[in-house]
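Just so it is clear, A, B and C label the chains in written order, and each chain counts residues from 1 on its own.
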Amino acid sequence: MRRPSGTTIALIAGLAFLYVPLAVVIGYSFNASKLVTVWTGFSFTWYGALLADEQILNAARNSLIVAFTSATLAAVLGTMAGYAFARFGRFRGRNLLAGSIAAPLVMPDVMTGLSLLLLFVALEQTFAWLPGRGLITIIIAHAGFAMAYVTVIVRARLIGMERDIEEAAADLGAKPMTVFFGITLPMIRPAVMAGWLLSFVLSLDDLVIASFVSGPQSTTLPMVVFSSIRLGVSPKINALAAILIIVTLVLLALAAWMSRGALRMRPAK
Amino acid sequence: MQPVIAVESVSKSFGAVTAVNGVTLDVRPNECLALLGPSGCGKTTLLRLIAGLEAADRGRILIDGADMTHAAPYARPVNMMFQSYALFPHMSVADNVAFGLKQDGVKGDALKARVQDALAAVEMEALAQRMPAQLSGGQKQRAALARCLAKRPRALLLDEPMAALDKHLRERTQFELMALRKRLGIAFVVVTHDQSEAMAMADRVAVMDAGHVLQVAAPREMYERPASRRVAQFFGDINVWSAVVGLAPGTVDIPDLRLAVRIPAALPSAGSPLSVALRPERIAIARDPAPMGDCSVSGTIEDAVYLGMTCTYFVTLSSGAVVRVTAQNGEGAQTFSRGDAVHLSWRPAALTVLAA
Amino acid sequence: MNAAARRRAVLTLPWLWTALFFLLPFAVVLKISFAESQLSIPPYTALFERVDGVIVGLRATLANYRMVFTDSLYVTAYFSSLKIAAIATLLTLLLGYPMAYGIARAPASHRVLLLVLVMLPFWTSFLVRIYAWIGLLRPTGIINAALESLGFIDAPLALLNTPGAVYLGIVYAYLPFMVLPLYARLERLDPALLEAAADLGAKPWRAFLHVTLPLSRPGIAAGCLLVFIPAVGEFVIPELLGGPDTLMIGKVLWNEFFSNRDWPLSAAITVVLLMVLVTPIALLQLAQSRTLRRA
């Protein structure tokens, strides 16, 4: 047998490092004991307790509403911006727009959160817009940073896509709108869908920004999870964490399955 | 006869690069016009200007006499076959062909019939439901062709139509394409960098270089009477020598050949510099001196290249000049090898006089 | 509609959105950073004094900035954040580089799967991933329990709420951001280059040092910046995995805002943090626009 190389070992170790903690959480979510570290038997107790927790269910509903709406908004805005960057060449303010859209990708969440909150307060003071804040302000905040991801993904896809396919459509008599909706959009659909999904997951995941901009009645799931974690490890949170991990995996598998068709359509190079 | 496409003094620059520089060109009804030139000469830009995919900086483009200089690509009655074919990867062959017709509002049975006709014209009916990714290179080309033809364009613009095909497919495809064109009776404008492709397909060839059209002529005329040294050199292999008009009327001195030849053409005054060109296959090569009356020089074989049907010899003369000679291989043909002493001869009429 | 009008139409919405929800907020933050804290709604003074809607005076103070630059808490927090982020970035690179290299050199059929495996945790909840480590690291956690039952230790080790746990958390959470750009770079590296180096007599490690490493530098730069910038302002990791003495500016800002309700000071902290991060962010923009142009 060939001796495994250093990089193979690093790869295996790195993957173990990534997955072992998650596996432990999922494993212990089925622990019957209230003590988190002592295994006493297999049980769904904590899943039951989770489903009976009004606060968590309410927060989960809020999170889903926010994630769905903001991801959809981000997909529309990000597709427009990504299209502009890939197809318009130079235009006035291109660098400023590119920087402003991309900055939230890396900007620490505390900065994004605080600045948006101060904006929302100022808008409320000055124009009485968005009074009291709530889910709508979280949706706006999430759509903003998610748009950055969609823009990057859509732009990369469009740059990789030969422009002559769109030109062929124009040459065959299609007007710009028809070209976009009939040719461009179907071809970048996997990218837009990936962007939407990423936006959805990121929104579902965000604690810091939501904590800043949410109103008093609009608690999201990460906010509930965070306050319980601060109080310590609990089996109920193990169960919730396990559900979150599994839901994400199922969503991703679904996305991968859907994009298989898209991959098959791609022209052979 | 009104040209299908008239390009009038059209220029187009990209930044500091002038891709097309004051080009004037007509495409006649039913003809196949080849735009021939090295890469970067502006031939593809010219095609895209005609299609409306680029906007001209100056000049006019008329299609069927109507000014289309500023018309959008979708409003022009010409269609383009892209080098990559640009088939829509998410649509079947039939949907690709139907796309252009739907833009014109063709619906229902009429749409079906026209898609069917276009597919039949390229013998692709059987593959109508395939996706582009499931087609071979040749099938993709035919699908792209059908997509353009379905629109019944006034002219078809083809950008390097053979570039994406395997070499062995090209010759047959050229032939099929020309047969199709004659049957349909529409004008073709073909962009190519391949001189033999241009000669095989085109009724007329426009040779382009650095944004200019150097000469427009039928392939035979272009080959036998190139207008300039550049065209001569680009269009097939040729020997070109510098020369001066001799003192005796009707003669030209060619220092490289140490030869004064009588040329049956109008010449400028004695002492004027010019160039003389001679195709390598017009030269006879032999061990013995040539019969009287022909121009003749002697030299040594520098290199011999066997190419199957022909041999190409590079013959060094006493002046040091190297002459390229192509000889047919065949029964009884003499062959030579490096170092052989040979005599070269040709008829004076084979020489072409070019500007210096 | 002509081409120019179409472009404007497509650009209007992204422009409006970023102007309103990205550029304007920074203007507001900047404005409030010059205000004074007061007990009211909102809890800061107005910058412009108005009488009957007419601006009669400007009330701006530099007190918040004086505080940020002189109070040892804030100065220490900035430097400590930069230090922690830098060390964590280096650790992430040390783990991420061999992983990216391993994936890039794996058989082509395995590459996508391996890449997906690296990216997958990034898609699962960030909070859950940090939470998982609490379960492992705390005194009664799995690691301590295992070590104790194996007889290596008598008393639980203090693993949680330590600087080490913070480094661990950052490496764990941001590893995919390091691996992805590195992989993108290494995957495009022509194996013939290494073969040529070997053919010319370079031993593998020399070939790595003089060929692979220099050619992957853009990937290293992008990966490090993608980890470093958000790590500087990280709040959740120091809050949950760090101890009371783990000082990071994101945590300080959070407390200043939520516990002390000092909005103007929080705004000043944000402005200074932006100043600190503006150079690395600009560098990242530059690196990414270069990569895109080359693609």
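Here is the rule we go by: contacts are C-beta pairs under 8 Å (C-beta built on N, C-alpha and C of every residue); 3 or more make two chains touch, one makes a residue touch a chain.
All values reported here derive from a predicted model rather than from experimental measurement.
Should one ask which of A-C and A-B has more C-beta pairs in contact, the pair is A-C.
Nearest to the common centre of all protein CA atoms is the CA centroid of chain A. A straight line joining the Cα centres of subunit B and subunit C is 58 Å long. Work out the mean CA point of subunit A and of subunit C, and you get 17 Å between them. Subunit A and subunit B have Cα centroids lying 55 Å from one another.
Subunit B contributes residues 51-53, 72-76, 79-80, 82-84, 86-90, 99-100, 103-104, 131-133, 147-148, 151 to its touches with subunit A in the complex. On the side of subunit A, the complex with subunit C involves touching residues 5-8, 10-11, 14-15, 17-19, 21-22, 24-25, 28, 36-37, 76-77, 80-81, 83-84, 88, 91, 93, 97-104, 106-111, 114-116, 118-119, 121-122, 125, 140-141, 144, 147, 155-156, 159-160, 176, 198, 201, 204-205, 207-208, 211-212, 222, 225-226, 229-230, 233, 237-238, 241, 244-245, 248-249, 252, 256.
The touching residues of subunit C, counted against subunit A in their complex, run 1, 6-7, 10-11, 13-15, 17-19, 21-26, 28-29, 32, 42, 95-96, 98-99, 101-103, 105-106, 114, 116-118, 120-121, 123-129, 131-136, 138, 140-142, 145, 172, 175, 225-226, 229-230, 232-236, 240, 250, 253-254, 257-258, 263, 266-267, 270, 273-274, 277, 281, 284-285, 288-289, 292, 295.
By the touch criterion stated above, subunit A contacts subunit B in their complex at residues 162, 164-165, 167-175, 178, 182-183, 186-187, 264-268.
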